[in-house]
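Read through the structures below before going on.
You will see chain A twice below: alongside chain B first, and alongside chain C after that.
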Partner chain A sequence: MAETILEIDNLSLRYKTKKGDVKALNRVSFQLEKGLALGLVGESGCGKTTLANAILRLLPDNAEITGGHIYFDKEDLLLLAEQELREYRWKKISMIFQAAMNALAPVYRVGDQIIEAIQNHAPEFTYSAAKERVQRLFELVGLDCSRIDHYPHQYSGGMKQRAIIAMALACDPDLIIADEPTTALDVIVQDRILKRLNRVREELGMTMIYISHDIAVIAELSKVMGVMYAGELVEFGSTLSLFKQAIHPYTAGLMNSFPSIKGAKNQLSIIPGEPPNLLNPPAGCKFHPRCQYVTAQCRQVRPPLYRSPTEQQHFALCWHPLGANGKENDHE
Partner chain B sequence: MNEPLLEVNGLEKYFSIKSGFFRRELKYLQAVDGISFKIKRGQMFGLVGESGCGKTTTGRLLVKSIAPTAGEIVFNGKSIIELDDDEVRDFRQSVQMIFQDPYQSLNPRMTIFDIIAEPLKIHKIGAFNQREELVAGIMEKVGLSPAASFIFRYPHELSGGQRQRVAIARAMVIKPDFIVADEPTSMLDVSIRTQVIELMKKLQEESRVSYLYITHDLAVARYLCTEIAVMYLGKIVESGEIEKVTQNPAHPYTQALISAVPIPDPSYQRESIAIIGGVSKPIDLLPRCRFYDRCYERDQHCQSQAMPDLHEIEEQHFVACYQR
Partner chain C sequence: MGAFLLKRTLHIFLILFLFVSLTYLLFQVTPGSVVDKFLGNPKMTPEIIAKIRAQFGLDDPWYVQYFRYLKNVFTGQLGISYSQYPTPVWDILKDRIPRTLVLFLSSRVISFYLGFILGKIIAWKRGSLIDTSTTAVGITFWTMYYPLLAIVNIWLFGFLLGWFPINGFTNPLLWLNAPEGLTVNLIFAYMILTGFIFLILWMIAWLIAKKPELSGKTKKRIIYISPLMVVIIAVLVWGFSGYGKYAWDIIYHMILPIFTLALISFGGTMLLTRDSMMETIQEDYVMAARAKGLPPKLIRDKYAARTALLPVVTSLTLSLGFVLSGGVITESLFSWPGLGRTLLDAALMQDVPLAIGAFAFTGVFVLIAHLVVDILYAVLDPRISIETI
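Showing the complex of A and B:
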């Protein structure tokens, strides 16, 4: 059994708004082994970005963690003071944000911006040592070193994203959280960046959390995956196991929602309805208003954790797990 | 029946841009640079390519929202370039457009009823109470039901998926022959996207309306369309029957593009073709193959010759490449 680097234990979080509390995360629990890539999928507003931001406590003022623990290397990050947490940000855990390429300051050279980040978090680096480090990082992410002295407007979208990745790698973190890092990019550029990111991760033996709405990207990149719905982690396990035998009806529906460029042309399955408003989420199983297997139990009581008979780490929150008791699985 | 609904010949659209010292230098951006294709009646025709390849400009040209620099668009046997006022009105009644962003394409001050009924008013179809019936009918069809609970609402009260259904209803209500759909699902969430894809498929099969479906998502194009054209820097580099183009791509660009699409199957080992560089802007182009700079199969011939024309390499499969 490999070492667990990150453990989220019963994490709940809400955003206070004028209209009431938005229950953005509800009792999310999982463990991530060191060196693995975890893919988190879900639709907008399901809480995947909130979960990522909660790990580094990069949350807006109206957010309140109402319960649970976040253990990183056995240290509970939620017990750390803001000043102590700063030691973790960037050095041990770094983040690549959604559309981060627009975050580069237009009036500074790209290289200088990365040097500044390095020196901010590791003051022992001199300017020239930091610059050397930037050169190595540029090579790592596949950017030409002559580009260090260029300004962001001289970069294409894909190159900016690479620079952001270089910045995230700058302090040699143990965990990288990448939140939709390629969403705004064209498919060829996306492919190149993801390949590069994955290779760097393997070379440096880093752990990674990869957040995406695209199940195809997750399928290719991550060894383990989690599916989020309405603030809950509804299914978690190895990617192979989830694709082979999804337990939660939402996961199964999601997998059949993506057409593929290869293989047989299967009819897509429709998940009826829309995700719930988290100001007033449904009782019981959050997915019950859209689920075809719904029973009275689902409407009232939060489902228990069901573990896959074939893989212990694979679990889902469901009263009527697919594949159990000889039940037909739509996905197969 | 085999006669095409729409035929495009040598269509060009150049945008003039000023650059250089004091912006005195006049250059042209060759957004669409001599493309030709045909769309049959009742067909879902896919136009794919990366950002900036000219696919949206092509869509706008086809609905006569901008005028072409050169070339010919024949719709229902008639050139649409020079129409008189009456004919333009007829044309606008038979051609509709669905846009990418349902948050921007609906007038926020109009109710859902007014939005969907607007084309009926403009084209003077039906008396007022008949319009109500027509609108309610189309709303049920696109899944905005019960219609009564939606008609007096405003766009901001609707979700993204519902708004796109409104946009589809507005396009369908006057029973057009041809719809240009420009990335209609790319702003939507996964489960909603599938609903809208299936809705468009169902409506298309029922009404036999022709579609130009513009998208960057090749997997969706494969799912919906029967024929496809791949654009690169203002040119069509490959076109033909959907399975032939997507399963057996011939042009080096199409091959690279398709090989870069992730597959939703963790056991599939995808090999992608690495191509150098990125898409440039179609300005100051040399008179040769648009893909030359990035091509991994180029040779002397490609360097010296003009842009190759599309030629048939097998039945219903065309490619513009000297190596094929």
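Showing the complex of A and C:
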């Protein structure tokens, strides 16, 4: 088995607000092998961005990590001082932000913002050497090199997106966290950028966490996938295994609402109900108010970890795992 | 750029025309006139008064007077002062305008700089004790009744502590023994020239330091050391010329009014910067800068504060109105012989030509300052091109 690059262990986080605590992450655990692409899916507001930002501790003032560990290369990032953490930021772990449109400062040239990142971590780079590197990065992501000296407002949305990707690649990081890198773009551009990103990733042998609420994109790009619901990682495993046999009813529901080529539109089943308000999440299994298999146990006690009998790495949090006890998978 | 300047110059003339007309109206509707002052004087027979009225054209219909007035103002003929007859208005103004300009520009620059620096620091340490206490101090000064603050400062620093002169522009005793031909205005003109040279050199240093090829350390060196050198050279030159003590006398008299003006206005800039920073801190590019592992100070200054600066610069235009009211109050309380006090004295003495002249130049100053701030904004924000303002 390959070496583990990132391990999240029982991570919990809350946002303190005037109305109370938003429990944005609840005991999230998983391990990611080096060189793999992990896809994280989940409905809006389930805590995907929070998880991504927590890894580099890029959290707003009101966020508080209430427990758990984040091991990167065996080092617990949560124990590092801010100063030490700076060594990890961008050089080892970089990010493609969800709001990529605003991730470039409006008052500086795009090229200079990337050069700054390079020189910050590799001071031996002269300005012109760093600029050459930016040129290569621009070619890699399919941007015209003459754009280096332009300001962000002179870029189109797709170009900004590519520039952000180039910036994320600038310091040869070991892990890239891409938080819905293409949501603001039209489907065709989105597809092109994603393919390019994935190719670059494979060429450079980088590990990636790919966040999306589009399960189709995840299925295409990632070997491993995680499903989040209401601040919890409810299912995790290889994409293949998850598609073959989803364990959690929520995962199964997600897959059903994803139109397969065979399935006509009317067969698309949408999970009834709304995701819970994280200010006041339900007790027990967070999914129980929407689950068709709900029992008294589900309402009271947090479900245990259930491992797939066929694949050890594939697990879910559920009292009534699909595929077990002769229960049929809803999928297909 | 050319089209922009042309457009703006036209704007300025249009506004100036309205301003000058309103000023005229204001003085027309103010009760009393210069002639009324002679009424109680038995030597002034009605015939003489009538003659004076005719001489000054006061018997003509209002529109004749108005157009004559417009023509004179826009051709630069400001006439002769009534109260300091027969000194031309321009001769009085040309001595006083630079004094007011120096007072205002330096206090504005100091208060802006101070307010911006403090604002960005407390915003970065939001919620801390430093933040709350500095904010409280800023609000206190900002909302304080200005004449009261000035009087307290005069009393405290001028009278009680005796650190600074209580008022005036110079110490007459010193200048009494000054060599032949050495006037206050001459020395002051040289001082302004020195300041101007300093500014130009500093701007050149900035432009050089802006080159992206330079490393952060070299940049800092250029930006901080080069102006320091210029200051040292300037001080040496003044010292060896033997005129240093005269220049120092003027500076010594300037400190308290500048300090007072800066004190009343830094709070506004500071609170605005803090507010503006609170917004930029939340921006994604600031988070991106953090993610890039940049040092916190760099993130604060280069990312959060740099964009937070833009709305603060805009607010400069709004605060320009203070030049008029603040000018009259400061210059009166500190007996500062500048434009503001000239305006007040002229108004009190019904010296209409002088008052109008002072008014018109205050207007010109505010309009030019607007233009400068607009250009500055376009320089600071690449999204705004100068053509589009």
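Methods note: the second predicted complex is superposed on the first by the 320 of 332 C-alpha atoms of A that agree within 3 Å, B and C clash if a C-alpha of one lies under 4 Å from a C-alpha of the other, contacts with A are read in each partner's own complex, and residues count from 1 in each chain.
Everything below uses one rule, namely that a residue touches a chain if its C-beta (ideal position, glycine included) is under 8 Å from a C-beta of that chain, and two chains touch if they have at least 3 such contacts.
Note that the structure is a prediction, hence the values are computed from the model and not measured.
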item: Overlay on chain A: chain C relative to chain B, clash or fit; value: fit
item: C-alpha centroid angle, chain C to chain B via chain A, nearest 10°; value: 80
item: Partner chain in contact with A:Leu240 - chain B first, chain C second, else both or neither; value: first
item: First (chain B), second (chain C), both or neither touched by A:Ala117; value: second
item: Which of chain B and chain C A:Ile215 touches, first, second, both or neither; value: first
item: First (chain B), second (chain C), both or neither touched by A:Gly205; value: neither
item: Which of chain B and chain C A:Phe97 touches, first, second, both or neither; value: second
item: Distance of closest approach, chain C and chain B, by C-alpha atoms in Å; value: 9
item: On chain A, positions contacted by chain B and by chain C; value: none
item: In the complex with chain A, residue positions of chain B that touch it; value: 50-51, 159, 161, 189-195, 197-198, 216, 218-220, 222-223, 246-247, 256-268, 270, 272, 274-275, 278-279
item: Residues of chain C defined as touching chain A within the complex; value: 126-127, 212-214, 282-285, 287-296, 303, 306-307, 380-383
item: Touching residues (chain side chain A, partner chain C) in the complex; value: 53, 56, 58, 60-61, 82, 85-91, 94-95, 97, 99, 102-107, 109, 112, 115-117, 120-121, 126-128, 151, 153, 167
item: List of chain A residues in touch with chain B within their complex; value: 43-44, 156, 158, 186-192, 194-195, 213-217, 219-220, 239-240, 243, 253-255, 257-263, 265, 268-272, 274-275
